[in-house]
């Protein structure tokens, strides 16, 4: 089974510039394109609040451009395809985001993202920009064993952090509290991904890696990183029965817990499949005595048209539930204020 | 280029039942599953309002299950894969939706949808259910020539009707006014689709139709219906340059017009591509003196993992702009109330 | 042959359902070439549902048989073809109010009403590559025949010829219409079903 | 050979950039086997940017040359490799404050500071299948040599051997780490780039 090789682009070296131009033109009520490929809010946050910044490689849309807006990020620094932006651009993003309450730089743990963010913080220090903090986030249980959580990669479960942290930073909090909240959500989140297919690199048009039509891989990363090995494809229920137990054991999630659930489509999986997969997740969680507070099935972090998904769970308490329910208005993440929902 | 053949399902004959179960479990704050595969609102509309019903074949998710909720549909009747539901089920949907203000049955023009809705209305008459109207909606300029608009198929442009009509029916209007509003939006909407790939039938696992890796087809319908013929794949800009002019000429859209724009992903196109395509749409519309009020780039009506898109334009006036901005809370269509957007 | 009773009609539907079920895969393959590959499964499923529903009726009238079949097709099949095949029985059922025994002339009128309903609803003409290409000649041949057995036989032959004629047509209704030239060379599955149903009707009742 | 001036350093970067550019496609192919196929394009693009930025400097100091190269790599390249290659020059540049002429011992200290920075940042050890496998032996060989020309020569040879040694390694850093066994049999692109850069340094200056 081969991946689609013709992409509707113009020139490989113009992909990022043109896509950001198109995106910001389409959603000019929410975002604007400023400086060197910075996506910032159309209406900045009020003075004195903690601002949230994230840099990441492009090619994972709507991550993270679609998550800039009220209740979410203040600035996103878009890198080249699957390549973290360099430190100088991150510093620019920090400057653009700062509204006097400090800036929290969020990093989804991948080497490039971490190294460049660390360099950016060193530059900030050298340039006298203070009140900037870094938080490293990870959730993928397949990328390092229990006990070595800090070595794990970031994947779709971090969308829980983005949503809850975004809501938290609309309120009155300081930078230390924001960082602590991000870590709290991270430490209550676990994810595992799988894929049925490869995809073509938008730049070269070449298939990123080979995969047989009847194979699947559990634990595959957002760039096709190997996980726990290939195996024959299973049914929806059997796939969940394989993936959910290690997630539950890892935290561990236990009877009586309340959770948020995310099934993230990595590109060309269908909603039909996500719905059928979720049915099994709901059954198994009910059996385990775990209550789902809200579920969330869509394509948030994609790897082009890869056919796969990530299953993420986040254990929540009253504080996190309230943050979940708080409004958000990114181009690709919207949450209505509770009182407007049944208008 | 072959389509993915392994789907994450359990049994072909259980697809629809299982996916509806999973969907309604995931979004139980918005929808519920009642009767024979009826998706209804979790909180019904207030008494006396006009209710909106639509039946359609499954396999196009989030159409239309994701569009049931405040500001949108009251009831969706999900058919088998790519198969309109039968008339008796539509009558049940009408009964479930009725809240005293009459029921408008919306039909996206395809033979199966129209025939079954007509039969349902005959059954309603026979059973003494009155105050029910049918409105047939179409937008695809490739499926019949200008002058024979009523022969055209329904495609992604109808999402303008759903959004605007949904908002309209939250207000105080009667059934005739609702039908007139639907027709007004329809008569100001035009669409054209294209595809780069086929997809596999979720039931048989067979590729629905063959397409070469370097081919595209302009005008392809939501089930792979032939359009204006195959040709070699083009760049993003060249594709828009080919598709936009016939859309503009058909209505015609003219300098000074204000429009809503929708780029609908038919499944496995990437947002990256939609953004790059939109950039060109925005450029060409600006050249033509046409103003974009809002744009909207996402997967609303899909054909499984088909790689293609539809471009839709809707000419708007002050009434339609206000309806566009009104809140909506479907699982896959959310619009924040204007005052909550910059919270 | 005597006039038909409700029991004969129930038997007729059962034979039709059996014959179509036996050819399910062939019909699916025909539909895969010109449509979405489900015709054999959906029509055989809906006819099986009709047989089951009829079996559950206590002392049904002829109208009950025809109406039950109509509803099974309309609701059990869905889509355009459910509406089309269902309408055929629905319109026939309207002719059966208070009728106990059905003569050949009654049956001819029933079939004609069904055909008229199908064409009113689906707008297909002969030559459009649909089930109408088998149904229209079958209904005409049935009416022209002298008695029951020869009427079914003549109708079955006409339906078979009509179904076969769809092979070289360009479709103007149904999903195949969107295939353009690509549909040429394949017989229409709905027309083939009609031919099978009339062939089953022409079999001697067991 | 005399101590190096700012002009010599600018010349050195230019030769490195030229040599890497000449092998761009080879480096892309190496990276395609173990990573995402962009290493040749990104490193050659960033080095070309460095040459251009250096060319635009009026009377640059040695530190300006090294710092400009660092920034071009950090910001023009992005990703983990931009941070790694950029850090190499950034840490070297810190040693060049107020330095006008660079002896072989100065250069050895510069390279050692760069290597230490790379390893502190990227945590790669020799044997992890990264550019460190070429850089570490090159830096050691350079320091052990008697004078400039022989130091560059020794470093170039050591880098080439080091790069070649990565072929049979399992990757423990970089994208190739996620390939597991599949990366074996392919030399590391970053290590190959280091070998090319030292080879360029060892060429006689024109």
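In order of appearance the chains are A, B, C and D, and numbering begins at 1 in each one.
Here is the rule we use: a residue touches a chain if its C-beta (ideal position, glycine included) is under 8 Å from a C-beta of that chain, and two chains touch if they have at least 3 such contacts.
This structure is a prediction, so every number in the text was calculated from the model and none was measured.
Chemist: Shared touching chains for chain A and chain D?
Modeler: Touches both chain A and chain D: nothing.
Chemist: Using mean CA coordinates as chain centres, what's the chain B-chain D distance in Å?
Modeler: Once rounded, the distance between the two centres reads 55 Å.
Chemist: Just the number, please: Cα centre separation of chain A and chain B in whole Å.
Modeler: Taking the average C-alpha coordinate of chain A and of chain B, the gap between them is 28 Å.
Chemist: Between chain B and chain C, tell me the centre distance in angstrom, where each centre is the average of that chain's C-alpha atoms.
Modeler: Here chain B and chain C have centroids separated by 33 Å.
Chemist: How many Å are there between the centre of chain C and the centre of chain D, using C-alpha atoms for each centre?
Modeler: 79
Chemist: May I ask you to sort the chain touch graph into line, ring, star, complete or other?
Modeler: line
Chemist: What are all the chain pairs that meet the touch criterion?
Modeler: Touching chain pairs, listed by label, come out as A-B, A-D, B-C.
Chemist: Please give the residue numbers of chain C that touch chain B in the complex, ascending.
Modeler: Spelled out, the residues of chain C in touch with chain B are 32, 36-38, 42, 71, 74-84, 86-87, 121-122, 173-175, 177-180, 182.
Chemist: For the complex, give me every residue of chain B touching chain A.
Modeler: 1-2, 4-10, 15, 18-23, 25-27, 29, 43, 58-59, 61-62, 66, 70-71, 170, 196-197, 202, 213-214, 216, 233, 235-237, 239, 261, 267-280, 282, 294-299, 302, 304-305, 307, 309, 327, 329, 332, 334-337, 340-343
Chemist: Show which residues of chain A lie in contact with chain D when the two form their complex.
Modeler: Spelled out, the residues of chain A in touch with chain D are 57, 79-80, 82-89, 110-112, 115-116, 118-119, 201, 203-204, 206, 208, 221, 223-226.
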